[in-house]
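Same chain, two partners: subunit A is paired with subunit B first, then with subunit C.
Take a look at the complex of A and B:
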């Protein structure tokens, strides 16, 4: 590659990177403004007087720590359940021969298409009857139910690309089914599993509608409620809301940065049969 | 054999995990309830049963505005009644409405809930979810409700809730911008449009509008309809299908006037993408001369976060009269939107009623919102002498009103009508449909609600 082509490529990528990073810069920038400084004519406005108070508000009035712990707990359990269920389901749909296999596969995949809004009221009634409203389980169950279809979809695609010979040799060596799934298949599907983990994480971390319907107790609320603590009936304390959003997005950014490479692998893996 | 037993073990552990988790959730519940009453006990020491009341409200921000006022009332009550604990659940407007529906459907045992008057409250009434109130109890000096404020809370001549605010639409304006540019403060609609043109020529946005929220357009139109016809009920009747949007020439005239506002660019640039906060900031930063908004913004003049120059210059204007119209500028588009109701499935009906009555008495909610400038109450309030100029002007507008609408047309139909009608206005301003199309589509929205 000639030097000039290289420079052009570099400039191009730098521009792309800037465009990608801009929302984050904007988010941080605005978290230091006071609410009355918003909506000025400039896109970015470097605060003359940074409002650190916004972060104090976010931490104290936004009850950040309490909600953060709840979010972290709910999300972790949901991810664990989703991974175990999607992995085993995926294996059952790709490798096992059983009656009604395709029927159940279709039913699971239908889950991708169901809008959560339609499930809110019936779920609320059922959860209330079971005493699951105002409990962590009241969030973990629906979150898992929503995440498993997509997880299964990704994993089945990936598993089809794994040569059967691997399992055959494992069977010859005397491995039983659980060993095959958790010790042979699981490590092989690692990139796809990471994709499942990250998408599930993002969905749960940002989810608000179900949480607002199923929870009413303050001690159980999740992070999106924190943003709402600064919403008035007509206008809101935007500065503090932005501060909450900065704090909320930090874990998401960290997770994405760690698994970044594997996510890209996971998305394309299984696209071409190996 | 081996295979089977492992599978069984796995199944059992899975089941056990689920049951442990659910037990956890349930247990938590009881624990918390226990500590709640326990906590009340130690701080109480007073006669009277320990009670935890549940209040559901649409004011999540407890540190400013109406949320703060609500919190102050609650704090006052708990101080006077240490045996009572009040559990507040708050959600912002849209999630609030959704959850209230869920609560209604499952007959959740709330004690007091915030309600929106009109169609939304009617749904709750028909489901039997809220209690009937006796208007006689709320007469007299303790409550001091203004006449006619029960309108959106009354169904079949029975009262189901009490309003918390008097909401009415005015035009806020920045006096300095008018003076500096030598522009006359408008008293007629033609002058308003003319002032708009002059401001635009000077590069100042004439009127700030929260176009994205859409409801302001409908209020603006209702104001115009009244100014043309002199009839506060005309638009409400049309929504109730007693009159027709398409056959009454008052509507045609009003729609044409509305089109003039659009075509002479009275509203700021890209007003369709501005939400409430954006339209407010444009005005409070002195970049727009006027703001079409409700009486609940009385606190602007005392909000020390806003520029001082602005605070000293913000004033109130009545919606201008229309040339040849029958309406007066003292006819006010006022309504009582929000309020509180008692819930029928309440577990502590007596305590709930006590708290409700306390909250609605004139020296609590009404006094506090007025003193903090969070809103204009639906009750008579004493001027404390510390009012800002803006608050005094707003009081004049309300007490000087010769007639009031009692309801905002958008909220007097079903929620579906509100949705449809808002979209019709959105289409009118963004897509540029004609006045005739606007009226035809409003008529359709009224018929299919």
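Take a look at the complex of A and C:
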């Protein structure tokens, strides 16, 4: 490609990136404004007097730290469970030999197609009867159940490409089935596992409908609630509302920035081999 | 080797927890949903009369909202397939040609909206499209297009289009990433062979890239239809199906029927039909796209 074509392409991408990120730039910009400045005619506005108070409101009244810890705990446990269950299920479906294999595989894959919202109503009734509403488990169980089908699907696709010779030599060396799965297969599926971990993270970290249906106790609420709680409390103070939205977005963006490379690798591995 | 793969205890330990969890949070609820869908009940556990298929006949033959919600999902799915995906494929190809550090940077940037919470996305777009202080109307003003100013989400004639726009913006990065990953799997010598035959530019991509991407496209089309059908959170948090049902979707409808209108039995009937529709859509789009893909 010639240098000039490359420059044109570069400029084109820069413009598109700005347009695509504009809503977020706008959000950050307006989070520093006082509400009176909102109604001026300019699209973006340099804050004459940056309102840091908006961020203090967001941190304190958005109960940011409390909700952040809840989100981190629920998401971590969900990811751990999802990885273990998807790995063992995936292995049983690709390598192990048993009669009902394809039946159970189909049942698990149904989970990708069945909308979770359709099970929301009965799950609410069941969880209420079991005393699982207003508990961490009330989120961890459905989050894991939703993540496992996709995780199993990604991992089975990946495992099929692993040569059986790997396990054969392990058996010769005297490894049992559990060591094979957790010490030999698990590291080999690392790129696919990263995809599973990241998609599970994004889904759980940002999930709102289940959380809002199953939780009413304030001390258990997750990060999206800091935005929701705020909308009513500060209904006309848009600056503070925008500040809480910016704060809520930062953790996910940081995690993404760290794992960005692995996400693409994982998706690439999945797209080529799955 | 056979002995290891036939280990019954290991199979049980590997499969049972996953299946149990799945049964408890998917299968049992669906059965329960089916039970309640035949009853005229206001909330779970309240005594109720068995009313047979009344909820279903009402839904299928007298409830225009149900069909409207389904139509909106189909329109959204078509929007994804006809607008979002071609753009994503185009950008994936351009990105692939860019190369170097810039390729990595832009790929990272384009994905950022995908990591933002749906609550933030919804509230942000509500503000951006706000008729008084929203940036969108201000932008039209500064471009001299003030006459186009609008309550974008508040007017039933523009609400669905605005919703489509928000969802395309939010999901664009995922589509781009999948197509980009697919492109990386196409060996370079395919392009070299084709350019020796005289193909270049647009023709080259139309003849080589698109056909070779077809397995990815197939999966993506199915996923787009499912995503459109399952759409809920963004709608729920912005318009809640309104104004006047113009952005109604099945999940939003059933949620409101159950928790706002207290028609629990009826909401469960919607749930069951919702599941049927999703399974049917997956089956159909698999069938339709598979037959296409075989020629490559």
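Everything below uses one rule, namely that the second predicted complex is superposed on the first by the 226 of 274 C-alpha atoms of A that agree within 3 Å, B and C clash if a C-alpha of one lies under 4 Å from a C-alpha of the other, contacts with A are read in each partner's own complex, and residues count from 1 in each chain.
The working rule: a contact is a pair of C-beta atoms (placed from the backbone, for glycine too) under 8 Å apart; a residue touches a chain by one contact, two chains touch by 3 or more.
Note that the coordinates shown come from a computational prediction; the quantities given were computed from them, not determined experimentally.
A.B. asks: For A:125, is the partner it touches subunit B (first), subunit C (second), both, or none of the two (neither)?
C.D. replies: Touch partners of A:125: subunit B and subunit C.
A.B. asks: Give one of first, second, both or neither to describe whether A:111 is in contact with subunit B, with subunit C, with both, or with none.
C.D. replies: Only subunit C is touched by A:111; subunit B is not.
A.B. asks: So, does A:38 touch the first partner subunit B, the second partner subunit C, both, or neither?
C.D. replies: In the superposition, A:38 contacts both subunit B and subunit C.
A.B. asks: Looking at the overlay, what does A:216 touch: subunit B (first), subunit C (second), both, or neither?
C.D. replies: In the superposed model, A:216 contacts subunit B only, not subunit C.
A.B. asks: Does subunit A have more residues touched by subunit B or by subunit C?
C.D. replies: The larger set of subunit A residues in touch belongs to C.
A.B. asks: Is A:208 contacted by the first partner subunit B, the second partner subunit C, both or neither?
C.D. replies: A:208: touches subunit B and subunit C.
A.B. asks: Should A:161 be classified as contacting the first partner (subunit B), the second (subunit C), both, or neither?
C.D. replies: Touch partners of A:161: none, neither subunit B nor subunit C.
A.B. asks: Is A:138 touching anything from subunit B or subunit C once the two structures are fitted on A? First, second, both or neither.
C.D. replies: first
A.B. asks: Identify the partner contact of A:233: answer first if only subunit B is touched, second if only subunit C is, both if each is, neither if none is.
C.D. replies: A:233 contacts subunit B only, not subunit C.
A.B. asks: Is A:264 touching the first partner subunit B, the second partner subunit C, both, or neither of them?
C.D. replies: Second partner only.
A.B. asks: Which subunit A residues lie in the overlap of the subunit B contact set and the subunit C contact set?
C.D. replies: On subunit A, the residues that contact subunit B in one structure and subunit C in the other are 38-39, 41, 120-121, 124-125, 128, 176-178, 208-209, 213, 228, 231, 238.
A.B. asks: Going by the contact rule at the top, pick out the subunit C residues touching subunit A in the complex.
C.D. replies: Listed in rising order, the residues of subunit C that touch subunit A are 1-2, 4-8, 10-11, 13-15, 17-19, 21-22, 24-30, 32-33, 36, 44-45, 91, 94-95, 97-98, 102, 106-120, 123-125, 127-128, 132-133, 135, 138-139, 141-142, 169, 172, 177-178, 180-182, 184-185, 216, 226, 229-230, 232-233, 236-237, 250-251, 254-255, 258-259, 264, 267-268, 271-272, 274-275, 278-279, 282.
A.B. asks: Can you tell me which positions in subunit A touch subunit C when the two form their complex?
C.D. replies: Within the complex, subunit A contacts subunit C at residues 1, 6, 9-10, 12-13, 16-17, 20-24, 26-27, 30, 38-39, 41-44, 85-86, 88-89, 91-92, 95-98, 104, 107-108, 110-126, 128-129, 141-142, 144-146, 148-149, 152, 164, 167-168, 171, 176-178, 180-181, 202, 205-206, 208-209, 213, 223-224, 227-228, 231, 238, 241-242, 245, 248-249, 252-253, 255-257, 260, 263-264, 267-268, 270-272.
A.B. asks: For subunit B, which residues are in contact with subunit A within the complex?
C.D. replies: By the definition above, subunit B touches subunit A via 2-3, 6, 10, 21-22, 24-26, 28-29, 32, 58-67, 89, 91-93, 95, 98-99, 101-102, 105-106, 108, 274, 276-278, 280-282, 284-285, 287, 296-297, 305-307, 338.
A.B. asks: In the complex, go through subunit A and note every residue touching subunit B.
C.D. replies: 34-36, 38-41, 61, 77, 120-121, 124-125, 128, 130-132, 134-138, 140, 176-178, 208-209, 212-213, 216-217, 219-220, 228-238
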